[in-house]
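Labels A, B, C, D, E and F are assigned to the chains in the order they are written; within every chain, residues are numbered from 1.
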Amino acid sequence: MSKQTRTIKVDALARVEGEGALHVRIKDGVVKDVKFRIFEPPRFFEAFLQGRLYSEAPDITARICGICPIAYMMGASQAMEDALGMAVTGPLRDLRRLIYCGEWIESHVLHAYLLHAPDFLGFEDAIRLSQHHPGVVEKALQLKKLGNRILEVIGGRAVHPVNLRVGGFYRTPRKDAIRALIGPLQWAVEASLDTVKLVGGFDFPDYHYDYTCVSLHHPDEYPITQGRLISNRGLDIAIDEFSNHIIEQHVAHSNALQGHLQGSDCYLVGPIARYNNNFEQLSDLARQAAGEAGLGRVCDNPFQSIVVRAVETLYACEEALRLAENYEEPDAPYVEPTVQAGIGHGCTEAPRGICYHRYQLDENGRILEATIVPPTSQNQLQIERDLWGVVEKNLDLPEDRLKWRCEQTIRNYDPCISCATHFLRLTVERE
Amino acid sequence: MTHNADPMRPIPYRIHRVRSELADTFTLDLVPEDGVHSLNFAPGQFNMVYLFGGGEVPISISGDPARTAPLVHTIRAVGPVTRAMKALGRGDTVGIRGPFGTTWPVIEAEGSDVVIVAGGVGLAPLRPAIYHILANREKYGDVRLYYGARTPDDILFLSELREWRGRFDMIVEVTVDSARGYWAGRVGVVTHLLERGRYDPEETVALVCGPEIMMRFAIKTLNQRGVDNDQIYVSMERNMKCAIGFCGHCQFGPYFVCKDGPVFRFDQIASLFSLREL
Amino acid sequence: MRVEGLDRLIKEHPFFRDMDAAACETIAGCAANERFNIGDYVFREGGAADKFYLIRQGTIALEIHVPGKDSIIVDTLETGAILGWAWLVPPYRWTYDARAITLCRMVSLDAHCLRGKYETDHTLAKELFKRFIPVMAKRLEATRQRMIEKAQARSGGAGKGG
Amino acid sequence: MSTKIGLDRLIREHPFFQGMDAEACETLAGCAANERFNGGEYLIRQGEAANKFYLIRHGSVAQELRVPDRESIIVQTLHEGEILGWSWLVSPYRWTMDARAMQLTRVLSLDAECLRGKFANDPTLAYELFKRFIPVMASRLQTSRLQLIDIYG
Amino acid sequence: MAGKRKPKLAVWKFSSCDGCQLSLLDCEDELLTVAASVEIAYFLEATRATIKGPYALSLVEGSISTPEDAERIRAVRRQSKVLITIGACATSGGIQALRNFQDVEQFISTVYARPEFIDTLATSTAIAEHVPVDFELRGCPIDKHQLLEVLNAFLNGRKPNVPRHSQCIECKQAGTVCVMVARGTPCLGPVTQAGCGNLCPSCNRGCYGCFGPKETPNPASLSARFGELGMAQPAVKQIYRLFNAHAPEFQQESQRHE
Amino acid sequence: MATHYSSSAPPVRLGRHSLQALIDALRGDGYTVIGPRLEDAAIVYAPLESADSLPEGWVDQQEGGHYRLLRGERPALFDYVVGPHSWKRYLYPPRQRLWQAHKQGKGWRVKEPLDNTAPYAFIGVRSCEIHAMRIQDRVFDNGAFADPAYIKRRQQAFIVAVNCAHPAATCFCTSMNSGPRAKEGFDLCMTELLDEQRHEFLVEAGSDKGAALLTRLPHRPCDENDLRQAEAVATAASQAMQREMAPDVAALLKRHPEHPRWQEVAQRCLSCANCTQVCPTCFCSTVEDVTDLSGQTAQRWRQWDSCFTLDFSYIHGGSIRRETRSRYRQWMTHKLSTWHDQFDTSGCVGCGRCITWCPVGIDITEEAKAIRDSEGGT
């Protein structure tokens, strides 16, 4: 009972990247079809945002993802601020960047150590890994814990923090609470340096791809909370032009919408895209560590995303340290919004890549229309493309090894914890 | 009484013996882990029995008050703590705080006839009183025990009941709610025994213990027979956590059941007893 | 006027079927109309039992209150049933709670008034009592039936364990 | 005739008839008979015509309900001083349970037909009798309900 | 416990954001101890290794929103000795239960260009509406300390210390000043179960009910107070329609304000 | 309780700026000084290092379910009354470990925790609060049993009372005979004397400990006028009291366990327990058994509980007080009536916290009055 046929619909749901399956069809030794299927049940966020107050959007959209709620809360807050014609600057902006660093650290370390590294080291999981390399896993957990602690100190809790709002924060942390992070962050810089070294030494499957990399870019900093949208193919737009360039498509095999870039069939978002587009904005230490870990100025092997993630973790620790050291309690915890009708856009760099929000508000601040484009839906096509390539290169592998390699390929993207990790059903049809 | 410096701190006791009484009821014989701690109690008093790491429950002492060791508790496994206790064995450790609370009126009842009314596992808190009365049998008039259980399989202390029933100086009547044909005893609720029992209401002191609903109907029947509230003693159950009147949980009108009870002379609480959700 | 109405209600109630008109009229002299909303208690355990009720419409639950638990419903009585005989049995106190579980319309009959009448009119008493006995017998039987079901359910479970 | 006199006394002395005047007891005695059951013998069989009721003088009686394919369940035991049976008062006048003597049991039985005949002209006798039945039934009903709800739980 | 085989733990996901099972991985200090105390037999977020059931303990995250999930949860129940639901989705349907108040067809067409590809139920419901549940751990997300407490209680065979009383008790014990009394900020604390660590009031904002209704709540009285504080009827409705909108007490109260 | 409060030392005057000397002296004596501070829009009791942290110039506005701080007209240090905290937070902490046990072989070893809490000095204790402490003293030493941790903290505590100058609208200590003037139970008691000419405190010593401390502070003797002025402060406060508790409330509530008012108040009551948590005399607690994952240690913690929770009256199978009606009845009847039976005193000191901090503004004095009025008569 299709009501209307619209091939382009930007008015789309943000899915939690969730449960996934993979279907590969091979005929006469030739890959015929690869489908990366997301069967996470739909949750209709964009639909039930309609009619809610602008101020509720950060808390509601946080629930899209338990791993990167800050990305959603921040995207929603900034989109609302855009719609209401206001901006958050100065110490409040710094505080936002600081909590976002916490999310990067937490998410990247979780992915690198608990989800991705076991693939390289041949373990089923980090717990088994910890039995052989207890020190490594314990250090990783401490690093991850520090990321969470930043979230807790500023946001109240690590998953779905409560303290973020349109205009800033409900209550800004006391100076002593933030200063207490300095010591641990100094340790974390060292620990993340070790991480870069460790993961740089992994064996990376030989696979390269000439990606179209899309990310934010900011003239003064490595992009986290703000910037223009750029690509390595010449795209350079303000975020409010997002929907003019990127369209979302609904395919039969997925409950997630897939993103397409106008004029290019697929593109990459996330750490590699960010790194490739913003290498110069990284700290000296991070650039140096990247080089020592075998990364070039541009990374074209998706399996090396774990190294890029480690480099970004290092950067996030350094950045968090800087922000913590400079923290002074702001005069007011938030800028008071003035309610008005309008349309606003927000785009931030979630750990997995750009996360875009667009809202239209009525004069009472009620949401008329909402669009959220999370990074995973943008990467979906690229994931299938990589899978295609990896499968073709590894057709001679036994089935279980091939399956594991495919999983690893998907995990390169850290698309979402439940699918990036280990919920892959591989069906190989050999005709 | 050797009181612990801190009444909230349990004293470790080792399980000397576990006896299975019924499908869900068991008796623990306990000896102090340090070998010296001793605990004198009076019939009707209870201890807080603590399962290490599991929680603490108030349990009446069911042993002979004339013997200080071992310490005997009969426990019905109804909640998480008591169920976990059921899994304990000889040599395991529990914590003991106590004894706490008021006692059955074994002294006050001297010279009177005694009617003991028990329902289900409510026989356990009365057993020390029975031991005491039988040990001092000459001080009492007629002694009757009326005991109700759900089925013949739910009769607690069966062999002791037989032994008591065999005595010439005590009347023991047991009734069950339902039974199969092989059962040669009585069927009906315990109140029925009270309705028809040949005790002299004027001369009787009644000790009643069982679930509150059973006590309610037993008291009603005793009253109907002419036993006044000041001749009736009941053992109340409320949420007891600290057992020393600090925590407030077991409050019952002007009383803390842990401290002012668990045994009450019924006229003290008759007006409270009928109030809902007090 | 009102008494006449009650008279008719009594005559029409199944409990008084075949009762002669004069007796019904006498009884009506002790009657009153009562109405109970959902959740109202008609009487509570322990209260003085000085009435009995003809249920004209609605359902009454007889309950035993158990501290800490949901009240136990021992019986439900519906339209056409009678409620209460504690007024016939010393010490004349209600044994249960009676709670309306739907809107209930009832005729209540005052015990003192009735006693006054039947103690001098044993024919009336006989007519009244002989109606009570079968009602009680039926309820007793129903209760025992449920006891059996419960006992069977219990032993059935245990039997399988062996 | 001496038996009659004896029955009369037995009736008067039975708790059930406590407070009944002598004349009434005598009338009732006209419907009474002494009976004796050995342990295991049935006084009453479920389904049979209920044309009596019993005053238990000595012994005990188990009231049993039959359960398909299983041993009967005892729902109540009755003892000295208690009465047994009221189905004679309730249409269709059939016993609803078995009653089995648990030991040697002596009872006084009262014949229903005979009693009904006496009531017809003597509403006071009926009143006196019924008045005694009602509390017994109320007590048994309450007892059963308490048994049902498991008051020892 | 010594000498016994370690109990098998399984973690299951239904419709959710993953945040609650992530809370287990967020127990950084305890994760390895947990892993040493139980056999992690099925936990896709953490391991690709899976061990067959039956499981001593299943943690279930997420709500039931598709026909397949309604089937799958029965299979999970069959394999689980103890089943504990974690989080608002699993205990009350989660935020996606907002669809329960509206026409799901319309929701689908709002979000998806090709609605015919979507197979979903008209409702998002709690696990306990489908299978028996042994314990429900509340929260959106759950509190990781409470999760550890539940695991700990399970391993030690005791009752979890997870109170069902109001958020207010937690605030007062922490010394947090009541935002409703001292600032006039509407707060769901008095009808919400404690457990989060009085997060919102300690950030000077009103509780928004992550932990769902407390035992015997009285939202009608609280709503009346919200009205006195100047909150309009539609806002009163919305405040109950968030992460525990489908919890009966919140649902009824929001419907009273429609 | 072994602490005896009595002293024959005459009252003295302390200048506004000598308060710092008082704090320093107490700190020097090893006390942790706790006093009123403005935090999160309320006056709370928190560690105090400097007299400058006292909420100078603030007054409170209180009503049922309503509390606001406003700037007062004068730079007084104590022109507000009681806030959401009470001193029981320190004497009887919301959460405390009772003991800890370690597994040893098959057995367990139980250890009591070391209580190294430094003694407290409380500054700014009101008369009603002193009464509340004395009520809790009776609870935690009931003759048969005593709570050693409480008693230690209580005996060590140094109490600096302040006489109230301006009762809040929710105060009713006069009718509970517990204020506003502090008569005993303190080490020192201050009355703030503030006018155009001066900002001083009239200080009475209530114990030798207090008198001894006073000699170490810069002070001046009092004259008649000072005493009169201090007396006037207390009198004015007493006269400004707006609420009162129904007389003979203890007997009144005993007569009405089934009053319809209980149902009526249950319609409004949230059973949120705020009243019990802010009440300075409510003492109910629960315990939590805490274990480590490996089962090698066990701890028992005690924490504040409330008769308003469902769990409070739990016996196996269910809770006794399932309805809010019966929980409210329990609380109010206990506080005002059966408390007398148990502890020979009312459990209420008329501080008004339960009124102010009830989110829906239920007023215990109003509830008592409603029941009393239903009896009719005088």
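By definition in this document, contacts are C-beta pairs under 8 Å (C-beta built on N, C-alpha and C of every residue); 3 or more make two chains touch, one makes a residue touch a chain.
Being a predicted model, the structure only gives us computed values, none of them experimental.
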Joint neighbours of subunit F and subunit C, given as chain labels: B
Given subunit A and subunit B, the chains that contact each of them: E
Between B-E and B-D, the pair with more C-beta contacts: B-D
Middle chain, criterion being Cα centroid separation: E
Length of the line joining the C-alpha centres of subunit A and subunit C, rounded to whole Å: 71
Centre distance in Å when subunit E and subunit F are each reduced to the mean of their C-alpha atoms: 37
Centre-to-centre distance between subunit E and subunit D (centres being mean Cα positions), rounded to whole Å: 62
Shared interface positions of subunit E, touching two or more other chains: 156, 158, 204
Residues of subunit A engaged with two or more neighbouring chains: none
Of all residues in subunit F, the ones touching two or more other chains: 289, 291, 295, 313-317, 320, 322-323
Pairwise chain contacts, counting only pairs that touch as defined: A-E, B-C, B-D, B-E, B-F, C-D, C-F, E-F
Touching residues (chain side subunit F, partner subunit B) in the complex: 98-99, 101, 103, 106-110, 112, 139-140, 142, 144-148, 257-258, 283-287, 289, 291, 295, 298, 300, 302, 305, 307, 312-317, 320-323, 325-326, 330, 334, 338, 341-342
Of subunit F, residues touching subunit C in the complex: 313-320
Residue ranges of subunit B in contact with subunit D within the complex: 119-122, 148-150, 154, 175, 177-189, 191-192, 195-196, 210-211, 213-214, 217
Contact set on subunit C toward subunit B in their complex: 45-46, 64-67, 90-91, 93, 147, 150-151, 154-155
Parts of subunit B lying in touch with subunit F, wherever the complex brings them together: 5-12, 14, 33, 52-56, 78-79, 91-93, 95, 237-239, 241-242, 244-249, 251, 253-256, 259, 275-278
